[in-house]
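For reference, chains read A, B, C and D in written order, and residue numbers begin at 1 within each chain.
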Amino acid sequence: MPDAVPQRLVYLGPEGTFAEQALRTLPVSATASVAPVRSVPEALDAVRAGTADAALVPLENSIGGAEGVTLDELANGDPLVIIREVVLAVDFVLGARPGTSLDAIITVAAHPNAARQCRGWLREHLPTATVVEVLSNGAAAVGAAQGEFDAAICAPIGAERHRLSVLAKEIADHADAMTRFALVSRPGPPPPPTGNDGTTLAVYIAHDRVGALLAVLTELAVRGVNLTRIESRPTGERLGRYAFFLDCSGHVAEARMGEALQGLRRVSSEVRFLGSYPRAASGFSPEDAASAPPGASDADFEASAAWLARLRSGSHS
Amino acid sequence: MPDAVPQRLVYLGPEGTFAEQALRTLPVSATASVAPVRSVPEALDAVRAGTADAALVPLENSIGGAEGVTLDELANGDPLVIIREVVLAVDFVLGARPGTSLDAIITVAAHPNAARQCRGWLREHLPTATVVEVLSNGAAAVGAAQGEFDAAICAPIGAERHRLSVLAKEIADHADAMTRFALVSRPGPPPPPTGNDGTTLAVYIAHDRVGALLAVLTELAVRGVNLTRIESRPTGERLGRYAFFLDCSGHVAEARMGEALQGLRRVSSEVRFLGSYPRAASGFSPEDAASAPPGASDADFEASAAWLARLRSGSHS
Amino acid sequence: MPDAVPQRLVYLGPEGTFAEQALRTLPVSATASVAPVRSVPEALDAVRAGTADAALVPLENSIGGAEGVTLDELANGDPLVIIREVVLAVDFVLGARPGTSLDAIITVAAHPNAARQCRGWLREHLPTATVVEVLSNGAAAVGAAQGEFDAAICAPIGAERHRLSVLAKEIADHADAMTRFALVSRPGPPPPPTGNDGTTLAVYIAHDRVGALLAVLTELAVRGVNLTRIESRPTGERLGRYAFFLDCSGHVAEARMGEALQGLRRVSSEVRFLGSYPRAASGFSPEDAASAPPGASDADFEASAAWLARLRSGSHS
Amino acid sequence: MPDAVPQRLVYLGPEGTFAEQALRTLPVSATASVAPVRSVPEALDAVRAGTADAALVPLENSIGGAEGVTLDELANGDPLVIIREVVLAVDFVLGARPGTSLDAIITVAAHPNAARQCRGWLREHLPTATVVEVLSNGAAAVGAAQGEFDAAICAPIGAERHRLSVLAKEIADHADAMTRFALVSRPGPPPPPTGNDGTTLAVYIAHDRVGALLAVLTELAVRGVNLTRIESRPTGERLGRYAFFLDCSGHVAEARMGEALQGLRRVSSEVRFLGSYPRAASGFSPEDAASAPPGASDADFEASAAWLARLRSGSHS
């Protein structure tokens, strides 16, 4: 996405899921056109093709882990970058057609992940109800609205969209479950640093030896760049080639991140820059990870560069 | 699982999926009772409760990444250990009722992951067919067998089980996609070393700093223990506490692994040992990762221990 | 030196130098025979040959640095070990025949190092005197006693031995200059740990690459062993082979030191153990270096070993 | 020393020692004024005061180790830099007045270090002669020339200067003993890179922990800067503060060295740059240490900087 504000947004559908709810938290969603698409590859391909300016897709879920599809789609094909992170509490609700009471519920539609995350609540409050698995949180809400099921486990926005009454809120067993989404666009100047930014990278190493990963992490550590997440994935193309997805604290415009990126570029077989973006305030990254450690601020880098210039010119007497 | 051969096995159902197919590759499946269960938590809870001796559950998929549920369930609750690794090529087939020809197919049932992995093949060979998403590969086969859909993308075992004709084999776009399963039991003496073993660990560190992860990896590297996979996951319990799931080459009975485990135990806030087991021959771990690097064999450790004993006794003159 | 108390001691002579003064601080010097020898090689060869039980030789001087001869002689030939460290403040005195007054002094005998260390004092108090360089502090005292020179810069024990009056004390420009000596014997059980011990090693690496040295230091750091001194020396035998002399905090009987030594043995082309011994209280090693860091005490190692034993036996349920 | 060729040189005297011999190997010695001084501090103070343009002083000896005085004098006071390294084989000769035959020699004058290094030769060829220790190799030659002793162990230049016949050449027991000298001047633009340069640094760390030293070495290793020598020295000023003298391969004008220096500046309490200079061809540094390792050449740094610039501008699509 170039400097301009994105006008055409897509998100992982269907309507009424957490992805749409996450998108609605962004001010840009009020002025842009917004459309659901059926899959992450479809969403990202629309951006690559220019039929959309940006796409909101899931990155990871605190319960289910990384969205492998998203990572793979970002790591391959034409370059894309993350320009915004959105973290959404996964606050499932139980929705039903208006007038339905809790003790009248016999069937509950739910995506398998949702059913699993609400297992404790269901056991306590609807011990005799049958859970029917469906393909998305949105589909569950649709099914309840159409009378196919008595109730649905869905996102708040799903209940609202399909005019369901909310019989219970925050029914997930883990109160603090969260999903992290990324707003992805075509490459362009990154959003300006805010002081609490994240940078995402895909780093490829030829061998999966612990030494190679140590070398990668050392490039970060030496420049005071902190790591908030790491995930290794075998690359499809051939055996023994690994990609590491790294989430780091800091912005590509900062000196420590810049030097670390250059170092990674020199020691890795490939580095793909997946964006620098404002971090969402959330439990995915502790707050103390945001600022540069002692000796690693931009001012520290400037001072050391000035000292080096004096050494090279011979004026350090 | 104690020394005895497991008599009662469960696997992630339904019948006719890759999990059952993986289980059937194990000789023990011929003599034990075998039953599908509905979810990974249910499978592992059955082992913990003693109603099953071992459970076959998915660990990771080369396309979709880690099975977060499995990792979380292994990391929490009563200890369980992996005693066997099974790696299965994800060779999707297109199945249909006998007599169905390819050009008569209008609807294809598929799990969303399966549909995505076969996108290219579908576009080329069934460009006008409609893909209907269902909840599992097994459900797709059932739907085709019952005439609900014209065909199903499923596992070979699913076609066989439901008496479908296989119209096309190996239709996944990535020919070498694989799923890695674990046979999990209650703690007991680990299977004896085979020379090509893996060890899985969950290591918790109090802070997500790159320095803490470097310390963990250094404990492995210094003893010559190689890492074949790493994944970080936020722990549900509180912010800023991370778990790293590590797959290493080697066996807990080996000296280098033993010393590395002790080191991890001293530097981490918690280490959970998730088993040492024979590695499946597969592309998940390069073959050269199996043997100890120079200076890290059991013989090397014995020689250095003998030397130390001489130093301590003063007999090194 | 075996368990017995050494009966025959030699030291780097001549009489009346700091080496003798250092030896006199050891209780054993009161009961043993004590004799000066002419050089460090001679002193160590006497121990090797069994004509002496122990030798006191200089290791390093806080002004002049390492005693290369001592290091080389310890690193080559039959093994020897340090059993005691003595640190002596280098408190030079100005000695003269009784009755000599300061303003009558025209010539001052001094070893070149002594003259250099007292340069400031001489400039201020004896600006017109001529310094005559001689071969040892002992020789300076002898020369003054025999009337060859008007005064001598020497050790307090040199003035006492040769019946010189001390005209000025502590005349060195650096008030806290110190020399570190080692009492060296044949190999035997090391002195028992005292809680503040040092261990000296010579580690050889095949190449002088920074990576090789990093590997050596990492073996120490990973076990919580602290380094108090490091010195690289080219080995005489062939080009590009380096020896590193390491002084560490801790005792070979301690678990962390034992594991670190074994690690060094595995990664280095050669390790020579040069002894574990009680540290002298002194400025050469900060006091906080003595105790094990968190997680590296003998109790921590025992706990982690017990945990590993449980894992290996399968009793960790 | 600024760009101009030094006109007034001093060296560690007296005349006829290896220091003078080393100086004579430099072309500049043919056109400049050359004068001996009595000590290293005097030599360096003359340069600081501007009464000399450069001074040749010893840095280390392959037998005796570092020259502590030189290191300390370089590390303190007004900054000075090494502009040239000279390595000289220590090829002692036995000199005597013309007409003296070997079997007529009863007394041999020698500096103690020289006597020690030639011990084997003396035992074999002059088993009954008495060695008389004197204060320098030059003084030994003078003594022999004046008839005070029958012969002298000295440098070839010492025999020549004092018109002694050389009765035997290369009489040191280690055939490849060498001394390394530095030509030192006031700060100015360093000599241009030659492709085989060295850089000398004094790095101070607040604590002597192995972790602090590891951090220092990692700054070098990460940028591909190789270390050819390391020596720790306690600083006189206060306890627990250590200086590390590092000799590295490479030139301050090179990118990898520049980035490493900046990193050291940020992590150390102080770094003193002691010069980049052409390396002497010698056994002190293996030849393969000279060139940048893979990924660390100036071209590699330029490529990674260009890549970073593209990322920052958003033009990496």
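To be clear about the criterion, a residue touches a chain if its C-beta (ideal position, glycine included) is under 8 Å from a C-beta of that chain, and two chains touch if they have at least 3 such contacts.
Given the structure is predicted, the values throughout are model-derived calculations rather than measurements.
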item: Those chains which touch subunit D and also touch subunit A; value: none
item: Minimum number of chain-to-chain touching steps separating subunit B from subunit D; value: 2
item: Copies subunit C and subunit D touch via same or different residues, half shared test; value: same
item: Magnitude of the superposing rotation for subunit A and subunit B (Cα, nearest 5°); value: 180
item: Mean-CA-position distance for subunit D and subunit C (Å); value: 25
item: Approximate Å spacing (C-alpha centroids) for the pair subunit A, subunit C; value: 59
item: Centroid spacing, where centroids are CA-atom means, of subunit B and subunit C in whole angstrom; value: 57
item: Where subunit B touches two or more other chains, by residue; value: 218
item: In contact (per the touch rule at the top): chain pairs; value: A-B, A-D, B-C, C-D
item: Touching residues on subunit C, where the partner in the complex is subunit B; value: 2, 78-79, 186-190, 218-219, 222-223, 252-253, 258-259, 261-263, 265-267, 273, 295-296, 300-301, 303-305, 307-308, 311-317
item: Complex contacts: residues of subunit B adjacent to subunit A; value: 39, 41, 61-69, 71-72, 112, 116, 119, 133-135, 174, 176-177, 207-211, 213-214, 217-218, 220-221, 225-234, 236, 239-240, 244, 283-286, 289
